[in-house]
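Labels for the chains are A, B and C, by order of writing; each one numbers its residues from 1.
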Amino acid sequence: MEELSEMKTPGETLVEIKNLNKKFDDTSVLKDISLDIHQGEVVVLLGPSGCGKSTLLRCINGLEKIQGGEIILEGEKLNEQTKRMHLIRQKIGMVFQSYDLFPHMTVLENIILGPRKAEKRAKKEVVKEAEELLQRVGLLDKKNAYPRQLSGGQKQRVAIVRALCMHPKIMLFDEVTAALDPEMVREVLDVMLKLAKDGMTMVIVTHEMQFAKAVADRIIFLDNGIIVEESDPQTFFTNPSTDRAKQFLNLFEFDAI
Amino acid sequence: MDFNFIREYVPYFIAAAVLTIRIASIGISISILFGLLCSIIRYFRIPILHRLIDIYIELSRNTPLLIQLFFLYFGLPKLGIVLSSETCAITGLVFLGGSYMAEAFRSGLEAIGNSQIEAGLSLGLTKSQVIRFIVLPQAISISIPAFSANVIFLIKETSVFSAVALIDLMNVAKDLIGLYYKTDETLFMLVSSYLIILLPLSIAFTLIERRLRHAGYGN
Amino acid sequence: MQDMGIEVLFQGRNFVRLLEGLWVTVRISVFSVIVSILLGIILGMIMTMKNPLLRIITRCYLEFVRIMPQLVLLFLVYFGLTKMFRINLSGEISAIIVFVIWGTAEMGDLVRGALTSIPVHQYESGKALGLTTVQNYCYVIIPQTIRRLLPQAINLVTRMIKTTSLIVLIGVVEVVKVGQQIIEASRLTSPSAAVWVYGVIFFLYFIVCYPISILSKRLEVKWRN
């Protein structure tokens, strides 16, 4: 972990993952994963499908039961199904591949639901903040639209705003552009880049290699449920140290015919 | 057609229709609440209770209302439980309707994907808030077509209430045919009464469904 | 309770008589279902035709039959037809007529639904493979239609069996009527017979309908995809 501190001046540790083990029935999907995520850091998880990267993300949000190890957010352990789980989750924003806006609510209602009901904040203040955030992602004019009236890229930007409005300490992005048409990928990635620049702590699972290179402070390469390689993006993309990472990166190259 | 006869006996049909509507509204309202309760118990797999409700639903859906009513009205008094005609009718309707409403509601609940629940949880909502603000509103609107079909079905089922001595439309019709042999006029009034009750409802439900479909829920 | 009403069931031929009554019920339903399925398939195909007049007529028929309680339909046929044509219809014949009219409407709508639910590209991909129209129907369309249709058609059978309980109200001697006769006959000897007799009839209906609805559910789950 020493070389990490040289990569970027890391803030204090926000999330500590210690010896995490996760099984689906008898198959181990995460084996003894240990990982620290620091304040203000952008960590990108890469790896072939089925390597466990989405599962790892879902564990951090307590959406998966874990079979061993612990996950600690700001000194609080979250792997038990505590009554406080919803309070811990308020500090974690998550955006999903399938957007998962609530179809029966307008854009604005989607955004203010969490702050109003989970955090019991005043409506006026929340609406004001929601509108400012929508303005920032260029969707203020859609605030009264229903999700079905939006394009995929717009839905995903709303989903990001919905998570941001809770003032999370950390944001988790689970393949958020995987379901989008290619021309809409950019608008979502731009929003994420801007967030990273503003100092948000982020953990991102993605298949967009160019984006990963641009946004990441640290790349974690997972295969078969273990962390195979961990390095800064420059090193990872130009000079990966393991064969498995090389093979993986080769998948994205085409040879000229 | 003997229009004087019709004019003379229309008030009987109106009174009977009012009775039918009153009992149907009470019975159906309770059925909806009861069905909702049952479907929630099944959804959360509350131990023991959900098994009992599974059994109840199968019993209720696989037996005719008439027999349920006969049992309540003629059978139970022999065990010392005497129910009035009206109580019997309402109890029978709820016994039947509860299971139909529960099934309608279940299909709505099952249509809400797990990812919606996870999205709600990851916003930091508690489980019960997720149910209240995210699952239930969507489940209800998804089950509206099945709900409305059940409402019509249950109103139609009320036609057997004459068998437990309620003076409903069928009972009035039977009496008039038996007493005066004015079959045409009586049947005309009988059919008209049901049309007047059911046709507007059926049209209204179709319109609501069309609007819902237009709204097109789901991402 | 001094008397054991349950004994009534086993006196003489009482239980056998109940089963015979049940057989009348099942017979009427099965016969009506078979006729309804045949007529319903024809009706369903007519309903998918583009002819506006046919559409209006079939639609009115369907809506009227579906909106009227089955007991009203029974009254219309049992009292109305009898008077109109000055014929004497037995309760059983009236019941069969009503169930066929009703079943045909329900079945027709199911067939229509199943036919129109097959997406156009299924017809097209069959054609694209070079199948003739007949081959296309035999191998592609009809098997899919049946999978959509059969579970609901089976479900219609249970609905029909349950509805046959109504025919006691127009005087057909079936299981409920037999039950009433038994209760009547033992009024003095065992006053609590009603509980047992109606309880047994309740479970008889359940025993007949439950397996059929299980079958329908199984098929639906199996063929959903």
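The working rule: a contact is a pair of C-beta atoms (placed from the backbone, for glycine too) under 8 Å apart; a residue touches a chain by one contact, two chains touch by 3 or more.
No experiment lies behind these values; they were computed from the predicted model shown.
When every pair of chains is scored by its C-beta contact pairs, the maximum goes to B-C. Comparing chain C-alpha centroids with the centroid of the full set of protein C-alpha atoms picks out B as the closest. Among the other chains, the CA centroid farthest from that of chain B is the one of A. Inter-chain centre distance (chain B to chain C, centres taken as mean C-alpha positions): 20 Å.
Centre to centre, using the average C-alpha position, chain A and chain B are separated by 47 Å. Each chain gets a centre from the mean of its Cα atoms; for chain A and chain C, those two points are 56 Å apart.
Remark: chain B residues 58-59, 61-64, 66-68, 70-71, 74-79, 152, 156-160, 162-163, 170, 173-174, 177, 183-184, 186-187, 190-191, 194-195, 198-199, 202 touch chain C in the complex. Taken in their complex, chain A has these residues touching chain B: 61, 63, 86-87, 89-94, 96, 98-104, 113-114, 117-119, 146-148, 155, 162-163, 166.
Residues 115-116, 118-127, 129, 133-134, 137-138, 141, 215-219 of chain B touch chain A in their complex.
The part of chain C that touches chain B in the complex is made up of residues 1, 5, 63, 67-72, 75-76, 79-80, 83-84, 158, 162-166, 168-169, 176, 183, 191-199, 201-202, 205-206, 209-210, 213.
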